[in-house]
Amino acid sequence: PADDHVLTMSTTTSTQASGLLDILLPAFEKETGISVKVIAKGTGAAIRDGMDGNVDIIFVHAKGREEKFVAEGYGTKRYAVMHNDFVILGPEADPAGITGQSDVAAALKTIATQKAMFVSRGDDSGTHTKEQQLWKATGLPLETITQTIVKKGKNREIQFDYPGGLGEWYMSIGQGMGKALTFADEKQAYVMSDRGTYIKYKFGRKEKLGLTVLCEGDDRLANPYGVIPVNPAKYPQVKVKQAEAFAEWLVSPQGQGLIANYRLLGKPLFYPDAIPAAQ
Amino acid sequence: MSLYDVRGLKKNYNGRTVLDLPALTIDAGGMVALLGPNGAGKTTLLHILAFLLRPSSGQLMFQDQPVAFNSTQLHRLRRQAVLVEQHPILFSTTVAKNVAFGLKLRGLARREIARRVDESLEMVGMRAFAGADGSHLSGGETQRVAIARAVACRPQVILMDEPTSNVDMENRSVIEAIMREIRDAGKSAIIFCTHDLTQAARLTQTRLHLSDGRLNGADYENTFPTSVYREDNQIWGCLGHQLRVRMPSDAPAAGRVAIDPRRIKVAALQSDLVKPESCPGRVFQMVADGDEVRLMVDVGVPLTIILSSQAYQDLNPRIGDLVSVLCPPDALTML
Amino acid sequence: MAFFIDSFLSAMRLILGADPELMEIVGLSLRVSLASTLLAGGLGVPLGFLIGFNQFRGKRVVITLLNTLLALPTVVIGLMVYTVIARRGVLGMLNLLYTPNAIIIGQVILILPVITALTIAALSRIDDRYRRTALTLGADHLQTALAVLREARFGIVAAAVAAFGRVISEIGISMMLGGNARGFTRTMTTAMALEYDKGEFVLAVGLGIVLLTISLGMNTLLNYFQGRYAE
Amino acid sequence: MAFFIDSFLSAMRLILGADPELMEIVGLSLRVSLASTLLAGGLGVPLGFLIGFNQFRGKRVVITLLNTLLALPTVVIGLMVYTVIARRGVLGMLNLLYTPNAIIIGQVILILPVITALTIAALSRIDDRYRRTALTLGADHLQTALAVLREARFGIVAAAVAAFGRVISEIGISMMLGGNARGFTRTMTTAMALEYDKGEFVLAVGLGIVLLTISLGMNTLLNYFQGRYAE
Amino acid sequence: MSLYDVRGLKKNYNGRTVLDLPALTIDAGGMVALLGPNGAGKTTLLHILAFLLRPSSGQLMFQDQPVAFNSTQLHRLRRQAVLVEQHPILFSTTVAKNVAFGLKLRGLARREIARRVDESLEMVGMRAFAGADGSHLSGGETQRVAIARAVACRPQVILMDEPTSNVDMENRSVIEAIMREIRDAGKSAIIFCTHDLTQAARLTQTRLHLSDGRLNGADYENTFPTSVYREDNQIWGCLGHQLRVRMPSDAPAAGRVAIDPRRIKVAALQSDLVKPESCPGRVFQMVADGDEVRLMVDVGVPLTIILSSQAYQDLNPRIGDLVSVLCPPDALTML
């Protein structure tokens, strides 16, 4: 395809791994002739790609950071595309006894007080950000690790909140969702996961995940995805037209319909946010 | 008890047989010189006798026991037969540690090792180099240290591949003296190669002649390329533009002949022994070889003639004398 | 440029700060990498000798296979070892997964072919007279190998240094088999990968500079000891 | 066990199926890895000769630094190259990021120290008489180096093979600088990493087996040509 | 025009001076023999003359031009001076390609190369080995190929380090003949080392004696370790348990002496020249050396005595004769 028909997008590994893009991108290309080159990485690195002007558009799930991205002028506008939700998983035996608990904060608090092993992604991803918010909501005293780094010659601090017990019952592994699930399965520990990855690991593989959903449905577990074209005011060379075309298409009835009808192993995975009726 | 017994031993490289010894016995305690031209198989034989090279076929007996070349205990046998290579190499450490290497392996006490290292370096005149780096010695220094390294081990037999080829005059006689001493003391047998026939003659009467991998009695010293031509209904070979020899009628147009140094006739130039096919030559070297005398005459090529004590007395040649030399047909072998 | 200066300053900060967590990570990295290198060296150097010294049918096939194994990707090693040592695997009861020992197992598999192949290469140009000389002076197989090893030391040390560099800078196996658990199995490289994933590039490179500093220290030590040994 | 059989069967399927996408990925991996190895060899072997052949002050320091660089982690290389070739970087206008050429740049930096250090090691045991003989027969510096290279070929080929194995099985740089974009910069290793991320372990190892098969093919070819050359 | 001019040249290794030549001139087109004991510096000197080794200090002139050892064009100079090493090494390819190596570098035409390769291998009797692998030849075969490889280049000067030390008798004379031919044709100068004094004598009158890195006139052949003792108020040295020599009064208790072979007195055993300190010895070798004769007498150690033609005629010794040998004090040098 000619150069102006190629759009470069950075996104999180979870969108790519869910298989959704394999449905969306061919349909988009068929319609507009624009092919999308996907660079998948951790949420932080994906946003970085946008801030560095390496890509034309970003498709991530970390609402707060996305809004900051737009506010700082890196992006033109955030399009709310869809959401899915997080679930708390644990071994079937459920040693901490949180089965049926619909208040996620209460469930986490129980895990913490029992000192049952909990695996955290610990990678500053959208999921990890969400997890830290939920720990705050438990009201437990949190511990904070602050790292100082040098940026543009100035010191900058990075914070990391956790409910204590680091390395005892709270395992911070700094890896992607799949790996966190594998880790938790191996150690028969509790873990917070997005539903898509959970379904794939639970029903999509021969070696089924030995974990099950113990807590779900709390509003605070919603996981919204947004797409943001990179601002041509910062980087004149970005293909803003094509980027906006893609974003508009995603929130159009076609895009939203495809999202709503996407099934992974017979189970719905994403819920359209722009036109909820598309369901 | 014989030291080595060789039965039908062969060594092939890429299908070429470089050693072919139907039978050979070497006695314990003596000194044997191995002679023969380049490529005759001397080094190959020494490597086999040192149990370093496995023959392609045939059997080797050492002290009446067959040698199992695939045995894991071969190193026990090797401790009885130490080889000094044609171009020895020293481990890249000090000269002293090189000499100590074999002694440590034999589990000698530290003081005994130090004593023997000193003693054997002294013997070859290299004691001043004990602390020097072995890899930076000169050619002759290396050869002498290698000899000391072997002798220090005091094995049943020492195999030496051209041990004095790079050694200076002084140390050549020192090393020959060491060899004689070892032989006389009956400590170790010595089997050595050399191209220096007078050295072989000086050191031992037991000389084996190898050529093309085979043992034969013929001295190899008088081998020359010849061109062949026809004159007076007779085939002649010509050596070094002067010496004419009568060739057998089936001689090829060019080739090499060996002339038995004991069958060459030599006479004073005035004598009535002078025949048409004889040619004059100048005596330039004479060496004692046991009871015989080795005469070297320049007839365009250097020709070696071995005279019995009696024949030498009768001829009484002097250095620089012109003599008349004649090679009868029975002295010739075509190669 | 600013980026490198930032990274360098962060590295300085990390080193000077002597942050206990960083110390722990550095310690684990060194322990694991040294153990892997020593184990793989202990297996690979003798193996290289066996293959390099002996003439046997199929020797070239063996060397070709070894060369092939040099391309063994960390993901494959990680998954294979995982399958064996995971809870459900044959060695599940040993509880090895997500421990430093699991990393060592994977890394040994990673560098064993490297050390073996490079040992064979190092031996290929050692004058055969060294072997013959050791043998004729009465050395058994082991003693002969040691004598030749001394002569080939430069090449074999180079192999070990390359292998050490490979494992201390390796990410895939440490991540998959160690799990990057903070305080347990986080190594310098998995920490770097994490910072990278988070978009904290300055910290990632800063950690990389710390790692190189340590590697420099190790190599300087080695150089010093080699120098003393050579004298 | 079942896992390995499954993986093996999927590998067979992939190979026999000759899936065009797989072919493309394999082709890209080979192209990139060969280009990196050849470029790094073209720089590293002469560099190794310069360092190994000449006696100069600070030679041991240079070798120590080289050995240190063997521990250069892919993340650091990736980020450094990234900083230079990203849009904001000095070479931003070349649009190199997320192209195969970006991978090649990073991989060359990765294996240049490997090839250089191993070339020096390979030369260390080549009898100095080869050099002297070439010189006395009238060779200039380059011709002498080529004559010695011929004698050291086993060691230098081993270095190149190790370097090739390193890059074809390498993930970090390909991922960071190539971006694993489907149809653009997806290589076998980044495809494996993706399958692994997706939890498709069988497919990941299957791809790994495909990669090893290709590496085996390359090494068999090499062995064949070496054999012919030696004759 | 002189070939080489050496001015104040020194070579040090680890602070030890192994070569120290204040001045030396070698003329073009001749043949020079370099003699001296092991470690004298012969190989070191040849390496410097081949522009392979940089002197520690001093200057080397080649054909009246100073040699710039750091020049990048040194290979042009090296093409004028080809060295055959003491232990030559062949590139691990065929013998023919080894010989062709230098010719290719000189940009000769392919047919000319083939011709010269054939010719020079034929010369040293190694043509049959043209296709053989150079790295698996025997010691003497290697040496001969290396000589062919150098000669094929036809340089201004060929430097040969003990060129026949591992070569068999037949090929030794072949190589000596080649050396003579090259000299006679005035094609190349030849500078060679040897420990074989008779070889040096056969080939050239220009012989340089090195010892401990220094040039000196003294033949080094008669150097022996001595033990010193005192008798009749006189210090005596004893060589080989028989020969007594009067030592200077300041002689150390043990050491080495060199005996000038031209100052030794030798007489028939019955002659009235026999003195108390003379001792009997048996003549075992006589060799022509230009106009002189080199006599070797066994007095416990082999002693070389050089007689003028006249003195030889007067004494008229025969092999095996007992003669009376006397070393006057002025023949001795303490080392």
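Per-chain numbering from 1; labels A, B, C, D and E assigned in written order.
FYI, a residue touches a chain if its C-beta (ideal position, glycine included) is under 8 Å from a C-beta of that chain, and two chains touch if they have at least 3 such contacts.
Fair warning: this is a prediction, and the values are worked out from it, not measured in the lab.
Any chain that touches subunit A and also touches subunit D is listed here: C.
Separation of subunit A from subunit B in touch steps, taking the shortest path, is 2.
The interface with the largest number of contacting C-beta pairs joins chains C-D. Rounded to whole angstrom units, the spacing between the C-alpha centres of subunit A and subunit E is 86. Subunit B and subunit C have centres, each the mean of its CA atoms, that are 53 Å apart.
If you average the CA atoms of subunit C and of subunit D, the two centres end up 17 Å from each other. Separating the CA-averaged centres of subunit B and subunit E is a span of 22 Å. Across the assembly, subunit E contributes 87 as residues in contact with two or more other chains. Among the residues of subunit C, those touching two or more other chains are numbered 127, 151, 193, 196, 201. Shown for subunit A are the residues that touch two or more other chains, namely 41, 176, 179, 207. Pairwise chain contacts in this structure: A-C, A-D, B-C, B-E, C-D, D-E. Contacts from subunit D toward subunit C in the complex involve residues 3-4, 60, 63-65, 67-76, 78-80, 82-83, 113-114, 117-118, 120-122, 124-127, 151-152, 154-155, 158-159, 161-162, 164-166, 168-169, 171-172, 176, 188-189, 192-193, 196, 201, 204-205, 208-209, 211-212, 215-216, 219-220, 222-223, 227. Residues of subunit E touching subunit B in their complex: 13, 36-40, 43, 86-87, 125, 136-141, 144, 161-162, 165-173, 195, 197-198, 202, 220-221, 223-225, 282-288, 293, 301-302, 309, 312-313, 316, 318-320. Partner subunit E is touched in their complex by these residues of subunit D: 127, 129-130, 132-141, 143, 147, 150-151. Of all residues in subunit D, those touching subunit A in their complex are 3, 6, 86-88, 97-98, 175, 179-182, 184, 194, 196-202.
Only residues 8, 13, 16-17, 37-41, 52-54, 176, 178-179, 181-182, 197, 200-201, 204-207, 235, 237 of subunit A touch subunit D when the two sit together in their complex.
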